[in-house]
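I've put the structures underneath this note.
The two complexes that follow have chain A in common; it is paired with chain B in the first and with chain C in the second.
Then we have the complex of A and B:
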């Protein structure tokens, strides 16, 4: 078993490193890994099949230098900042147990503050004081391996979290939608020390393996050659926005259907369908959603199409 | 301008890139040492994925019908509310049916895919979650075992040991990677490209051109009244005709491309005579308060040519099996409006005189400028023209307005030198029209015939008189 902790604050680097641990290191060693990554720069991470425009207030994120990333596991959107802890439980598929992992987190919290009212509910969410969600969780299960990562809100800026995670209801999409729940942080109940919590988590995890293992590997993935290419890929528009599954956006003048970075069709409400758009890169027109310049953009494209 | 075959190839590439896990060139057959009995089809059900999950959403298919899979190959990624799970195959064989589409909800226990398997010894499915390559404690051992396995499976797949290891390390099935190396070898780049996922194909973007400024509003008030026309000849119907076998096959294969295959046709028209004619007719039209540009002549000439090539004034039925011939020539023209470039159409041009066409053209253009176009003005078009001549530019590639089958972009009329009958240099007025047509229905020859007819009417406007009623 291994406990690995990243010192990087870059969400893309940490995501890439997590993939490495999951798909390469674990496969080779068959030894369970707890990966801790704390204190990312403010970021929003969407699930594999989600629609960033639907989940995130993209202009707000860009204005406030909040990174947007897409991970390879499914599930919903989570907010990272220096006030939250991310943990990844990497085990064999047979060993995977979401309940067990979340239980470890609860135990770790209670180790720090025994009276804390924190438990795992029937949706397998960690709930504080009976109603506040303090953790998001997503799992990716392959034939022989399992990756379960969780976020834990310790001292995150909930104000920003609420502002950047937003729902765009003009969109009809087959993408996974996040379920919005009220969140609180552990600091609200007196637990503010990230370091202490991290140690407690590591300790409680180790305990379940009944091994005498007290080493934590501190790694700096930013200097890790092997993952650099993947880091670059994760930063690209093509992966973050371009992977969005099919969705339809209705505006005043038109109905636009897009999928995987490409426009499938644009139908003007005046009755014309413009086949010129088919295949056009959404990259050029993603402003459709974030800025209300639909007419201008659509107009220009019509000109380009007809002239 | 791409030839038709280049276009089809390009489209085929889009298809294969869109599903990167399918290598349509390499099919694997696992050869069995024992003699096999008749193939049988097994329904592989969605097994229990744990956590009490009863149903999942299908998110991504890694295989398609006809593909041969090995045990443990990934079939599909599904999502429950708790996890994303890769479902792998417990059988080796050929996928013959897929029971769900992306975003469908699948129930645990219901059939996921049907697999055709060979031989008796394949009847027992393997335990999916046990690692059948002997679990190894060290990197090296794992590498060797997997290399053995991939050698067995990948006899037909060419790749160097380094590339094989790289693929194994990244859980890439080499049989699904498109090789670009010499002799069909898979290079490391190929594996990386496969891992990167589908590459979007950039659509060709035509160069930006300034918006056409339409002709000025008509003269203040008419002095002469237009002659009241007798009841318009009845029209407005359509007749349908099923696609012939060749057209049907062509249409079927092309529609599979999920895109209307456009083909382009450009032609030069010598409109010297038309220019002269217009000079004479312009003041006469002005007496009716109608501004006469070239468009009414072109529109009417197009209508006459359409009468002889009706297939260019048609549409494909929604189910793609019939050609609907429209009797009315509702010819649209691109015009600038505050809402952008719109294409209102002139109804029943076949029944209108050139003057009436001009009148209607002006009305629609003016309505467009004042934002007063009605839906009826925009809908119902059967053929379209775009006049880029006013802004400049000679060649263009217009795009068809579905469900029409053709569109023409008219270039600027230029005065250019040409050779006369005695090799003397003469000044001619020339314009170019770029046509685009729906290749599912229109063939090159039909387009050429139409264009030649139009050419005759434009180059010799007097010939239009033959069709005066």
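Then we have the complex of A and C:
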């Protein structure tokens, strides 16, 4: 078993490195890995098939330099900042147990503060004081390997979290939706020390394997050549926004249907189809030469809403 | 549809595990992979879905991503993704060939796979390039044993 901790604050780098640990390192070593990645720069991470415009206030995120990322596991949208801890449990598919992993987190919290009221609910959320969510979970399962990762709110800025996770957009979609619940942080009950919590998590995880204590490996994935291509992919509009499942959006003058970054149809509210945009990729919309004022106006509306 | 095919389809719908005897076509019944997909073969075309066991283990399915028609795939390739409330997992092709049809209904209602995994919840159709690959799959009896072993 190995405990690996990243010193990177870049959510894209950490996501790419997590994939490397899951699909390359674990596959080769067959040795379970606990990956700890704390202190990301403010970011929102959406699930594999979510719609970022519906989950996030995209203009607010952009204005406030909050990164937007899409991960490969499912589930809902989460907020990262220097006050949250991310943990990834990488094991064989056979060994995969969400309950066990979440139990480790609860034990780690109680090791620091024994009276803390934390439990795992039926949605696999960790709940503080019977009503506040402090941790969300998602998993990516392959034939032989399992990745289960969780967030843990320690001292995050809940004010910003609530603002950025409140969409300003409205569309019909088949994408998976987040379930909004009220959150708190562990600092609200007196647990503020990220370092102590990290040590406690590592210790409680190690205990379940009854093996000798391994040094925590400190890694700097930003200098890891092998993942750079994947980091670049994760930063692209094509992945973050372009992977959004089919949705229909209403602008002031039109109804627009898109899927996987491509415009399927644009219909004016007057009834006319605007075939000029059919089949165009959203990220290339600004390049299209418009042939009428109507097309120009509608194009601007779509760009404002989406790109 | 030929009389044989219509009868076969009717029996399939009323009894999920009915076997057919045929003197004109080599017939396999319902076959299963160790990744919990089922395969139903008809005239060189493989209809593919996931088993009840798989659907139950996944929990409520919220999204299914399927390949494009026309894609050439090999046995063992990832041909799609299923997201459930618990996880995201891959659909692995049990055979090689060309994807000729995908179940478009799932885009509007992915939960059909949970409700009817053997019927309306089918995922893809593949025109097979190598029928001998089917011999590596399990019949329903072996699959039942396989599931029991996995649980134990």
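Criterion: the second predicted complex is superposed on the first by the 280 of 307 C-alpha atoms of A that agree within 3 Å, B and C clash if a C-alpha of one lies under 4 Å from a C-alpha of the other, contacts with A are read in each partner's own complex, and residues count from 1 in each chain.
Methods note: a residue touches a chain if its C-beta (ideal position, glycine included) is under 8 Å from a C-beta of that chain, and two chains touch if they have at least 3 such contacts.
Since this is a predicted model, take the numbers as computed values, not measurements.
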Clash-or-fit label for the pair chain B, chain C on chain A: clash
Touched partner set for A:184, first chain B, second chain C, both or neither: neither
Touching partner for A:141 - first (chain B), second (chain C), both, neither: both
Partner chain in contact with A:74 - chain B first, chain C second, else both or neither: both
Contacts of A:98 with chain B and chain C, given as first, second, both or neither: both
Comparison of chain B and chain C by chain A residues contacted: B
Partner chain in contact with A:23 - chain B first, chain C second, else both or neither: first
Which of chain B and chain C A:5 touches, first, second, both or neither: neither
Chain A positions touched by chain B in one structure and by chain C in the second: 47-49, 73-75, 98, 123-124, 138-143, 174, 176, 245
Residue numbers on chain A that touch chain B, as the complex places them: 23-24, 27-30, 47-49, 73-75, 93-94, 96, 98, 123-124, 137-144, 148, 174, 176, 229, 233, 238-239, 242-243, 245, 253, 260-262, 270-276, 278-281, 295, 298-300, 302-307
Complex interface listing, chain C residues touching chain A: 35, 62-63, 65, 81, 83-90, 92, 107-108, 110
Chain A partner contacts - residues on chain B that touch it in the complex: 14, 49-51, 57, 59-60, 72, 74, 79, 81-86, 88, 102-103, 128-129, 131, 135, 137, 139, 142, 169-171, 192, 196-198, 200-203, 205-209, 211-212, 259-260, 334, 339-343, 375, 378-379, 386, 388, 391, 393, 396, 398-402, 407, 409
Residues of chain A defined as touching chain C within the complex: 47-49, 72-75, 98, 123-124, 138-143, 174-176, 245-246
